[in-house]
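Both of the next two complexes hold chain A, though its partner changes from chain B to chain C.
Take a look at the complex of A and B:
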């Protein structure tokens, strides 16, 4: 099983993303924005974090218009998994792939609203899987799981002018407190995201945009000093299981 | 010579020459300009004069400091590369097949940060990343030591502006490039009101066989000189010379031009493309020379690479990719950011050009950016530079790089110091809370949260969670690298020797407190004007303090000095009125831990465990936070007992390695009571377990709890206290029992009690109040 990590210029989380994918058995290959390789040869696609095109105009906008995204869209239409983490999530939202109601952006990842920390904010947060929306990215998590993960972004507030109810059913992960309770206020919700959304899928459930970094909480060595369990790898293992079952 | 006339120095009188130099923006002294004529045997061209202006600046030549730095221990069994190149390398790990090293460099960007703080700090980060990358390494972490003015003093508005903009600049550069910040420290005091310090440390990892040297390879006649990066412009022209002058507030606007313009986006891509060049060269077995373009630009990097290999260099400035029409001396000497120089055999040059220009599309990424061939290595041993078909520089290459030396005079500063007579505090509760909210003690989370501390995914302990940050840089290997930076400026104000010695000791304690063995040091020596005898004496004493501490607190494994593998000297740090900043030998210590899983943080882990400390509490409150709150400096600065310090450090490392400690924190700013408070709070201020302690020493209670004499506080299971005592006993260190963990408050000597919430509020508010 092969995964492709798609690097747009300015992204910088390829190392940890590849490490986690490899560990989950989704052997990862790094593809640059201008690659001539055939995307049809890969089982899933991951757009990592960073500052693609130096966040010009708005985070993710330029990459969303890169010809590479048309190729990714085409692959996603065949049901292949596409994951965007942090800046990758911003690209997926800006390209309209998530929530995927139309070919235009329907949501935004707006600047964080946080009473304590303005702008870019790096810290550990907790998220929980939405058991009502079991999908390719959270299927191996259990009811009651509280996942400790880092965030590192300035624009991570999911927001929409559209119908919140429609969005609600697409939530894959939400910010929560240590007991797994979803709270919409700081500090549980670090950026003011609507409905406490940390990760959102498209309607088909094969594309996920997630702001926290599960790849930075996938190994004991990344979480031990904080006294957390490294649950992040389940995220990538879920993807593998899904691909296996689909084949 | 068209654009580049000969400077008619020979016929000029001293005063005429002085005017001529000023008019042309040359900071060489009159006698230095005459020395140029003498060395090359004729009047120099304007380009040549500019070259010497930069090469003989303090920043490039270390003309006042080089011979004094010889006091430092730079060789030891664990040194793979000493301080001769852009970065030093410490032995890290053997996997039976390959030997890995930690690349380690430290730079200051003080003047640029004072003038244009965002760009100054950002390009400081940019420069240090290049120093590490150009050794052939993968960049793995950075740390930042920052010194700002008094946030509550007369210059507070500007101080706060600078503080915030420097932090934003570090974040604005390091975050996009994608290098985690894992360590750093911040001090505020009035000596930095008009001259902040911004020191940046960077770590990289490399296999010994992959090291690339910053010189032309052997027998490299005919090799190409290739430059890569941003199009050369006139930004940062004269930056090195600017760093070597006293800052003049009136020149602020004109000095802005000497500060470079950062481009982290381009750097992100150049770094990745450069990794690809490393990989290709290794695959093909090609030996290259690679050097960062920092101070002195193309001229400095290419001449040093040639000269260090005993070769000459010939450059054609018309081949340099520039963003505008520039005179030759600016093309040669501009400090435009995000550039490197390669020396490559002609057979490999096309690969370098392909990787940068086509695979990574530099010309499409940033306007004018690319890799270009601009010259050749020659056997002539000359530094020959052409521009529009004319020779604008032709000087023996060793004369360009040979530098000059000054034997500066030093005379110890007259200090009128005395111990204050402060009555014993009546309200200990308030005093402890005041100490916790002091800007030099308060939680640093406010700043660290702006930095990406976990990118690359190797971070084990983020900054602030323990006394040192920790990363595991090799996938699947549990050996870790710890990093800490230190230097309490007020100790140096009282005594520059002990200030520097304490900085070394504290940085070593900090890495030991997580369980790592202090293994190597870098020093960034920030002092006043070396032409001032008192400032130079401060510098001399500082170097002596670093050397003594590094030689005496020996490496636990090699039993030899903890080596100083790289460093930097920054002079001319002073106020408008000529008052030097508190001399600051800012030390970064790298520690190595065999198993990251054994590393511990400072937060108390369990109810009902025992709290103990080592390190006698002495009446050494000179420069302490306690005295500062009383607006006193004092006289009794902490003096490091090297033997005891070594014993405490060894004992802590042994105990952590045997799993005997649950948490550990060194005793420094704010004394033992602050150490215990911070252990209760934990680095993220989310601690829930209090402590009940009792301290009985031979000195007054306020002095005992606020004394900053060195030591450690640690938490151990009660059943393990005997074993802990025995472990320290081996090194002649007495372990003192301090109390027990539990409850939701800190109780001291039965009478004083403070809730965790009160402590949290004080500790987390101090930095916010200092920066907002």
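Take a look at the complex of A and C:
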């Protein structure tokens, strides 16, 4: 099984993303945004975190308009998995691939809002899977799981002027407290994201835009100093299980 | 009393250049694209005195790389689109200017980005809706 990590200029999380995919059994290859390689050769795609195009105009929008995203959309329409992490999530939102109701953006990842400060915010958060939306990325999680993952972003607030009820059914992960209770207020919700959304899928459940970084909480060495389990690898293992079951 | 301030780059504006190239690739012929940071200050007090002060505030205008002008009359020729975040109250900047720098005549600030393109209004609207503005958290106005 082969995965492709799609690197746009300015993204910087490719190495740890590749490491996590390899550990999950999805042999990862780095593909640059202008590659001529045939995407049909890969089983799934991950757009990693970073600062593509220096967040010019706004985070993720330049990459979202790149011809590579047309190719990714085509692969996703055939059912292949696409995971966008942090800046990768911003690319998926700006391209319309999540929530995927049309080709135009139907949401935004807007600047963080919390009562203490605005701007770039790095911290550990807790998220829980929404088991009402069973999808390719949460198959190995259970109701009640609390996943400790880090965030590092300035524009992580999911928001829309569209229909919030349509969006609710696509929630894959939400910010929660240590008991797994979803709270919409700071500090549990670090950025004011609507409905406490940390990760959102498309209707088909094969594309996920997630703001926290699971690749940074995939191994004990990344989390043991903080005293919690490294559950991030289950995102990538879920992807592998989904692909295996479809084959 | 409202005072408008535009802050432009003296050095090449790579964001404007990128926007122009992406618009071209999207098939939108916007011509040369200029960008400026836009501020609207609601002040009490003397407008001329405030204008003289605000262009020297280095948290807004870095004289090493920025030029500044009061009002929109000197902006580049073309159609301008002002893009603002819908819920940006500029609390941080207001606090810095009024509390740290003592500019207590400022009551309110709004800010945005002013994009000026060598094209007609219809093309500028297309550029705004397809690239420059995400209407789920921003608004735009064609000036």
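The rule is short, and it goes like this: the second predicted complex is superposed on the first by the 246 of 247 C-alpha atoms of A that agree within 3 Å, B and C clash if a C-alpha of one lies under 4 Å from a C-alpha of the other, contacts with A are read in each partner's own complex, and residues count from 1 in each chain.
One rule holds for everything that comes next: a residue touches a chain if its C-beta (ideal position, glycine included) is under 8 Å from a C-beta of that chain, and two chains touch if they have at least 3 such contacts.
Note that the coordinates shown come from a computational prediction; the quantities given were computed from them, not determined experimentally.
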Touched partner set for A:94, first chain B, second chain C, both or neither: second
Touching partner for A:57 - first (chain B), second (chain C), both, neither: second
Partner chain(s) touched by A:110 [first = chain B, second = chain C, both, neither]: second
Contacts of A:13 with chain B and chain C, given as first, second, both or neither: first
Chain A residues touched - chain C or chain B, whichever exceeds: B
Touching partner for A:160 - first (chain B), second (chain C), both, neither: second
Contacts on chain A seen with chain B and repeated with chain C across the two complexes: 53-54, 117
Residues of chain B defined as touching chain A within the complex: 171, 175-178, 264-265, 268-269, 359-361, 365, 446, 448-461, 465-466, 470, 472, 475, 478, 596-597, 599-601, 605, 684
In the complex, chain C residues that touch chain A: 14-15, 18-19, 22, 25-26, 85, 87-88, 91-92, 131-132, 134-138
Partner chain B, residues of chain A touching it in the complex: 9-10, 12-13, 15-16, 19-20, 32, 34, 49-51, 53-54, 117, 119-124, 150, 152, 213, 215-216, 218-222, 224-227
Contact footprint of chain C on chain A as seen in their complex: 53-54, 56-58, 61-62, 65, 94, 105-108, 110-111, 113, 117-118, 157, 159-162
